[in-house]
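In the two complexes below, chain A is the common chain; its partner is chain B in one and chain C in the other.
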Partner chain A sequence: MLMHSLKANWLNEMEKLWVQRRTKGFLLLTLLIPAAAAAAMALLQRSAGFGLELGGDVPMLMLGLFTTLFLPLFLMMTAVDLFTGEAAARTLKLALVRPITRAKLFASKVLALAAYIAVHLAAVWLTSVAAGLLLNGPGMLGRLAGSALAYAVAFAPMFAIGLIAVLIAQRFTSSAGALGLMIFVFAAAKLLPYVLPEAAVWSVFSHTDWHTLWVGDGASAGKRLNTFFILVSYSMMAYMGSLMMFERKPF
Partner chain B sequence: MERERVLEVKDAAKRFRNGRGIKGVSLELSRGDVYGLFGPNGAGKTTLLKLITGLIRPDRGTVHLFGKPAATRFEEAMSRVGCVIESADAYEFMSAYDNLKLAARFYPGIAAGRIDQALEEVGLAPYKKEKAGGFSLGMKQRLALAAALLPGPELVILDEPTNGLDIEGMVDIRRTIERLAREQGIAFIISSHMIGDMEKLVNRFGILQGGELIRQERLQDLLPEGTTLEQYYMAQIQSKKEADAYA
Partner chain C sequence: MKKKWVTMGAVFGIGAVMLTASGLSAMASTSGYEAYKSAVKNVHSAASMTTGGTITVTDNGRTVLSADLTAKINHDRDAMSAAVTVGDGSEEHTMNMYRQDGQIILDDGKSGVYKRIETGGEHWKKDGGQHVGPPAHAERIIDALMGSLKDLATVEATADGGKLASLHLSGSQIPAVANAVGSLFVSNMSNGEHGAHWGGEAAQNPMHPNWTANWPKLTDQISVEQIELDADINPSNYLERQEAEIVITGKDESGASHEVVITVDVDLSGFNETVPDAIDLTGKQVETIRNEENGPPWAH
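== the complex of A and B ==
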């Protein structure tokens, strides 16, 4: 009973996301990009005329591309839809006047964002593995477990970025303003390592490639743990900050 | 036998940056009451309704719904309440049926047929598969009312429920409210500018002006022979204005 309202609104948020054209468009893009990349690689293999074996790298190449660019952008737009967009369309109050506390309403929206990340990562992995198998045949199979682990751990930085987008969304009443600031923050954070390399170590946006620490020999357990704590800290701060704002906001 | 107290607002106050809001409002509602909330634009009617439903937090005061404090036991307090606040909004990219399906998820035990029944009650059954984005204001108002009535609430809070409705729609809504209050003892609190129409519906009313509840009466005890509620309302507003001017 205690969790009924949380589950009810989580299902509602998932359904609302699913019926929107944009969500289906992004998911289609997520499926098409690895397929298109694999086709381009196949052409490259054929024209090179020698034993290039790029197929096995498709999942990791795609994960790098999606965690650096596409998924953060999709997440920003989804966070805006879930909070600023709904507040602007005055539909947020449809749920606020139902028997659900604001804390649970907020949590259910964040859980919907988490499910969104998981679905996209799974879609990219499945398409890129299928593309890799077509290009490289059985050679791909030996790398399956490694790539699955990389995709699983890639969830953490994407979730942290999603929560930062949620935090920014709380400050705005216009979707365009919220999205504009999110893109500015993201672009500035991506440029930070070139300007202030020391500060960039502490930026969550510098760790979107956290999954590379888990591939092959990867990095030491200490380095993985260190980055993990950075991601968890950002996630907790963004969650608590957003929740505080959401709880106090008049609708 | 004393009727169950469904709503109790005590000394509620909320002040916005523009200086408007409500000041020390208290009111009580029991089962079967149909309470009309009247007042000029900006008097604080919507603010009071938002405060009751948790859309805004009070600076001071308390709200109890069915004896449960809304501030600390919100889910329990709101589980027997249905409302339409400020405007009749809906998820425009979803059908009327799907809008109600989303609302139904919050209430365990709502039978599948109840959604169709709610749409039937407000006259939207023929349009149940149409997206709400294509609805007229009146149809959105009916859909919002269906969403409010869907869980079988015991207190219904309506903010300008006849906005955008045609005459037939207004009469339909008035009859629905009368029937639900009489047959099921549902309590209503309704803010409206259609004071003539409301006179046929309410048994109690309050007049808000400048954020203060200046009068709160039982209709049958109050109006002298031959006086309409509209005349009474205008006299009260005028006398408050004069009192404020002298103060």
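== the complex of A and C ==
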């Protein structure tokens, strides 16, 4: 019964996201970008005049692009929709009168965000693998398992960034303000390694490409675990920080 | 009610402690990338050194290109001497180059005529005679662009008290850019106009023999399979030896598979105690080249 309200509201939150035109638009972009990149590569391969085998690189190239840029931006907008947007539209009150605790309401929204990340990662993986198979079939097959693992672990930094966006969203009553600060934080964090390289290890945004550590047998278990702990600790702090604010907020 | 806040605070606190611990441990961990960088910086700071380099290209195990380079460099004296031997697997050819007294002297090893290029001395001292490594901002940009790839570099202690830093990449670990550049390079070296261009030039210019005559003509499924970088760092933290091996596979027109292995092996020694060789031109046939606009490519 207790879990039932969480699950029910999770489905509810996902449906609310899905009916928005923006959600469908971003998902379409997620499907189109790898396809466009593959088409560009096919053109390059053809114009080069000899058989470069670039298709096998499409999944990793796209994962790098999406985890660095597109997914964090999509997540920021989704976090704003889930929290600030609903508070501003005064529809959050409707959810609060239902028989569900605030903690569960919060959890169901975070779960919806997690599902959003999973769907996007899966969509990028499927499109880029399909593109890779079309470009050069046999070369791609041997890389399927490796790229699937890389996409799976990429969930961790994306979830941490999503939660940081949720944290920022709690502070704002206007969507524009929340999104503005998120983009500012994102840009500043991306510039940090160029200005203060020593500080970069502390920033969750410097670990968005940690899937690199999981391809092949490259990195030691200690290194993987270390980065994993950084990502988990950010997620824990952002989740609890947001929840504390969400619990106290007057609606 | 109060219990709830305590729980939330505790989870937040555990997160903070975990972040501090993992952040500090990440900063303290010895990285192969940092070890390599500091050894390279030491090499840049050395006033003189001897560099011995070998480049070998094999196709399915058969040598198609080999080049040996020995260079003695002394920044304080503004002097350098280098000997290059290039072979395509069947023929070998040695050239010598000297930089002394503000001029460059080339000996093609065939004609017996020494070419002298006046450089005016100052040209070489762009940074006021102080030889430094790449500028700090370039280093930061490279670091940032490398991202987590840096973490794939390993370092281990060697028996002599030095270190061995390695970065081994294969398959999907190889960045798409490296794959594209490597594949383009090999197909360029072995295909079409570029091959002919090199050959045509070789006919007129003995300094450029036809390097690529024996390269396989790859036309299909060209990709970089493996990149292995290894660096030996001596106990005084100087880079002593650096080896790079790049494996590129592909098929030629007949559908036969080729594995092209490019190996670059560089030895560094004689730090701060190298004296470059000098050549005495008295009694030798010398041709002076005065070409202000188009100096030697390495003088720019």
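Keep in mind that, in the parts below, the second predicted complex is superposed on the first by the 250 of 251 C-alpha atoms of A that agree within 3 Å, B and C clash if a C-alpha of one lies under 4 Å from a C-alpha of the other, contacts with A are read in each partner's own complex, and residues count from 1 in each chain.
Throughout what follows, a contact is a pair of C-beta atoms (placed from the backbone, for glycine too) under 8 Å apart; a residue touches a chain by one contact, two chains touch by 3 or more.
Note that the structure is a prediction, hence the values are computed from the model and not measured.
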In the superposed arrangement, which partner chain does A:Ser147 touch: chain B (first), chain C (second), both, or neither?
-> second
Between chain B and chain C, pick out the one touching the greater number of residues of chain A.
-> C
Which of the two partners, first being chain B and second being chain C, lies in contact with A:Leu213: first, second, both, or neither?
-> second
Contacts of A:Met60 with chain B and chain C, given as first, second, both or neither = second
Which superposed partner A:Gly25 touches (first chain B, second chain C, both, neither) | neither
A:Thr91 contacts which: chain B (first), chain C (second), both, neither?
-> first
Would you tell me the residues on chain A in contact with chain B in one complex that are also in contact with chain C in the other?
-> none
Footprint of chain A on chain B - complex, ascending | 50, 53-57, 74-79, 81, 83, 85-87, 89-94, 98, 102-103, 105-108, 147
Which part of chain A faces chain C closely enough to touch in the complex?
-> 48-54, 56-57, 59-61, 103, 136, 139, 142-143, 146-147, 150, 193-195, 197-198, 200-202, 206-207, 209-213, 215-216, 218-220, 222-223, 226-227, 229-230, 232-237, 239-241, 243-244, 247
Which part of chain C faces chain A closely enough to touch in the complex?
-> 4-5, 8-9, 11-12, 14-16, 18-19, 21-23, 25-27, 29, 140-141, 143-144, 147-149, 151-152, 154, 168-173, 176, 179-180, 183-184, 187, 191-192, 218-223, 250-251
Tell me, which parts of chain A touch chain B in their complex?
-> 1, 4-5, 8-9, 11-12, 15-16, 19-20, 89-91, 93-94, 96-102, 248, 250-251
